[in-house]
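Look for chain A in each of the two complexes below; its partner is chain B in the first and chain C in the second.
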Partner chain A sequence: MSAGSRLLRSELRLVLGRRRNQVGLLALAAVPVVLAIAVKVSVSEPGPEAPDFISSITENGLFVPLAALGLELPFILPLAVGIIAGDSIAGEANIGTLRYLLTVPVARARLLAVKYAATVLFTVVAVVVVAGVGAAIGIALFGSGRLTLLSGTQIGTGPAVLRVLLAMAYVVVCLSSLAAIGLFFSTLTEQPIGAGIAVIAVNVLSLILDQLPQLDWLGPYLPNHYWASYIEIFRDPINGEPLRSGVLVALAYALVAWLAAWARFAGKDVTS
Partner chain B sequence: MSLLTDHPSVRWAAPVAAACLIGGGVVASRMTASADTELPTRTAAQLLNDVQSASVPGVSGTVVASADLGLPALPGPAGRGSSELSSLISGTHTMRVWAAGSDRTRLALLGSNGESDVVRNGNDVWLWSSQQKKATHLRLPAGSAAAHHESVPATPQETSRRILDTLQPSTTVSVDGTTSVAGRAAYELVLEPKQSGSLVKDVRVAIDGKTHVPLRVQVHSTRISKPAIEVGFTSVDFGRPDAGQFTFNPPPGTDVTTKTVAPQKNSAGMMNDVAGLLKATKPNVIGSGWTSVLTARVPEQMPGQKSGENGPSVDQLVGMLPRVQGAWGSGHQLQGTLFTALVTDDGRLLVGAVPPQTLYAAAAR
Partner chain C sequence: MSDPLAVRSTGLTKRFGQQTVVAGIDLAVPTGSVYGFLGPNGSGKTTTIRMLLGLVRPSAGEHSLLGSPMPESAGAVLPRVGALVEGPAFHPYLSGRANLTRLDDADASTDRSDTRRRVDAALDRVGLLAAADKRYRAYSLGMGQRLGIAAALLAPRDLLVLDEPTNGLDPQGTREVRHLVSGLADEGRTVLVSSHLLAEVEQICTHIGVMHDGSLVAQGPVAELRAGAGQRAFVETTRPRDAAAVLRQLGARDIEISHDRVGADLGDVVRTDLAPALVRAGVPVLALGVQERSLEDLFVSLTGEGFDVSG
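Moving on to the complex of A and B:
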């Protein structure tokens, strides 16, 4: 395992050390900052039509991370995860380093596991950056204190932070299924940007299909149908059903996509 | 290992097998859910009695309500994802319900960005809207245990009880085997109009095999294949819910309206309103049972309506409906899946669960 863990550490250094990825994380972090400042300086408060948690921001700064996650979850976070996952194998193949990587004494399945783990950890970092920056600026501008749930019940700061952490964990699990799909696409091509675009295409297609009322029956089987269900954590009591379904759907997509990536990558003749 | 080295494509069996197992699992769980419905035979009369005498310590669960009434899209909150109570008339909505006896109930309408709650604890009723950040506190007079119960939006129990009470005389009531609702075996009670010529094909009530609590109500139209109205549990538990579910304390900063409901005065006022309305509209029922048609005069002034305040006025809405004419005259028609309405140019309103032709015949009289 030591070879594997050293490999994982070097992968993480690679993913998090790349200047372009750091710039991407900065862009992700800008959303909660812009959102919080915009709400703070605007004269009128957001009305009841404001999406998700935005109308509650002025009451408690802890709603800023939730609103920011809600804004970034449909497109921006999948974009970030898709590009990193698409880069994982195809990026190495593209610049000709894949064959050297394969000389590391670990099996290809483990190499694939390390690549996937690095992508998932990047997802964790991205979600923590968005939520962390959001919580920091939210509490600085609007303060914290007791948090009002959607059901009208109030909870203390401690339980509120726990619920935000739970929501972050749920979002990470959801995005991890997309990371596995990206890993599979990444084994198919030597063009990292192609694999990244394919992930985004899957995400957007799934979003569109989910909007069509005629395809209601299909919704629960789409990869991102349950993503927005992190809102269910903020009801009293927590509405566990959609969350459970969301985790199961994410695990199913992750498993199938990961096995497909393995089937492709373990038997692939690497020439670049 | 040598098999995999010699035939790399064999590896594809793994993702394919995983996909098949997961897909098969989903299908199998649905099959067993609908197959495991063995229940002793019961007649319709027995079932109706069972329902009346059903008693459980409490009910909690998730209810999905969907309505496809064929209504034109109205301006305002509607459709799926809205958490406003008024949006229930169209689209699909998910609710969570808790009940412990008839005077302790809570209903939460879940929206994609909010929640509306109706919490009743004894004589206190709270209405809460997370999107409006508004709470309304209704105080019911003491001793009116069931007074306000009627206006709390429909749980399956209530919906089916109302339907059974009103529709028995003109209706064939039978038991159509068993079905599965919320993973529980249930009897399916079918109410079918005895006359032909109604838009209502049948009403199906699924009654839990063990507790005899109605779990689902479907109203089928003759015009569409899927139910026009469906209210049913997707998960249900018959344990007594936690007492904390029935307490509501408005969060600080909430706009709270308190109203005290005084029954005598209020109902007298309402009777006057109703009497005035009856005088102005001269309602009349033509036909009987499922094919009856209600005719009325459209009043000059709609009660309680202030024009231009909440979107378009009634006149404008009527004007948007398709125009029809015939030997009976001319007017605007609304053709829904379960009912048809006709507003004639000479100021009459005809409504019935019937096709337009029946309304035209009634209009010609």
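Moving on to the complex of A and C:
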């Protein structure tokens, strides 16, 4: 087994073994559970004015993971990704272990790559937890069967699950751009919480700017403008245009953030 | 292939903003030596060590470790270098064993199937095997320091760079670290050990370098430095001022008068000239003596301050 994957596994053990992060994952998992139970016990079904997918939950349990992702994507998932990404380099600098990793030696580029990979894998775990728990409780409470797309067409369970998986992958790609921004912030400071808060600030600012009609022209360039476009996967045929734009924007932000992180970290004096 | 110098630097310099913290030092640590890197707090020892290991980029100068230029050769050289820099640092919620396992996993030059054996051997060497599964946050200061040394010993090393390894240890712990360092030296490894306390490392060092305000003010084999430390004369007399004047005329330096006693560094003054000169000047001599200066005396005069005995 290559040395890179040994360090990556160590990194994942560190991230997933940490009590704080486990509690965070539990909190992420609570949303679909609360959502499904609330819909089940409410006397009247949610009306057509209810947010995306929630109105459809009673028809098919597979709408629970989609609705849960929709609820958590604007703020809760970015919060989780921001905390983990902010911790990546700054957390090691904060407790002084960075100097010992570098003298092992771990090359700085390799350390950045492993830290980023671990953050993205944590994002995958978070999305799988939200969607997995959502699907489990959704199917348990509402059953599955044929799924009615937004365009009205019905598809079978197999294709429906595939589309849910595709939506999860798209969400991971979107969040990965934020993870790269967090990696960059994490190279700037020895305060992991500070780096995490900076990520969250970028996310919130981007959300707000995206709402301002005066700044319409700016929208498509904001990091999270296309995030909600995962619903386009549930049209027949899939509306690929916004999805492609979303992936491109995510890759662009990730690339720029990565270059900035490398420029900052490559020659940085490690005095922590 | 084997360089006579395990650590070599020329003009190594570090500036932080306006402040020059390390001012062009030429380190020469012979292979196989135990090199005491001494100097008061703030004299630039840790910054120098960070530069040697590639953590901090020098403002000027060059250096090599084990004969290879740094930082270019870091990937090849650092696996053969064990380091303790400015105290231990570990993940507080991981056990001592898990912390060492993580460092071993990070080392691309080691074999994964041997991790457990290496980790336990290192823990055993510093007497931490019994506490291996305790969380690091439950470790005492001394246990933390020993875990740091264990990390430095995880793989076979040709060079150990130990920055103040006795910091925070009780006298017993200090003795153990000295014993450990001597053992490493006996195995043929080169050890660079820094300290602000001469007394803690003097007995184990073969070579010494002294830092003062960012400059390397003395360097060499201990025996040579001790011989060069010179002699100090003492005169007890009822007329100390006159005695001091005579000593000054002879060329003695660093003259001190306290009550009826005058002390002076002899430098190049010939011992046997002292008594006749005093008698000629009519100074009543109650007692006259000459002592070898200790290394401690040398350091006090080099660094302008005593080594903090209390730690």
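The definition used in the following text is that the second predicted complex is superposed on the first by the 269 of 272 C-alpha atoms of A that agree within 3 Å, B and C clash if a C-alpha of one lies under 4 Å from a C-alpha of the other, contacts with A are read in each partner's own complex, and residues count from 1 in each chain.
The rule is simple: a residue touches a chain if its C-beta (ideal position, glycine included) is under 8 Å from a C-beta of that chain, and two chains touch if they have at least 3 such contacts.
None of these values were measured; they are calculated from a predicted model.
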Putting chain B and chain C onto chain A via the overlay, clash or fit?
fit
Identify which of chain B and chain C touches the larger number of residues of chain A.
B
Looking at A:L7, would you say it contacts chain B, chain C, both, or neither? Reply first, second, both or neither.
second
Between chain B (first) and chain C (second), which does A:G267 come into contact with in this model arrangement: first, second, both, or neither?
both
Could you say whether A:V256 touches chain B, chain C, both of them, or neither, answering first, second, both or neither?
first
Just to be sure I read the superposition right, which of the two partners does A:T103 touch: chain B = first, chain C = second, or both, or neither?
second
Mind computing the angle chain B to chain A to chain C from the CA centres, in steps of 10 degrees?
140
Does the superposition put A:I37 against chain B (first), chain C (second), both, or neither?
neither
In the overlay, answer first, second, both or neither for which of chain B and chain C A:E241 touches.
first
Enter the shortest inter-chain Cα distance between chain B and chain C once the structures share a common frame, rounded to whole Å.
8
In the superposed view, which residues of chain A touch chain B and also chain C?
267
In their shared complex, at which residues does chain B touch chain A?
4, 8-9, 11-15, 18-19, 22, 26, 62, 80, 92, 96, 108, 110, 112-115, 117, 128, 130-133, 135, 234-235, 248-254
Where on chain A does chain C make contact in their complex?
1, 3-4, 6-7, 9-10, 14, 18-19, 95-97, 99-107, 267, 269-271
Could you list, by residue number, the parts of chain A that touch chain B in their complex?
48-49, 51-53, 55, 59, 146, 148, 150-154, 213, 216, 221, 228, 231-232, 235, 239, 241, 252, 255-257, 259-260, 262-264, 266-268
So in the complex, the part of chain C that touches chain A is made up of which residues?
50, 53-57, 74-75, 78-79, 81, 83, 85-87, 89-94, 101-103, 105-108, 112, 151
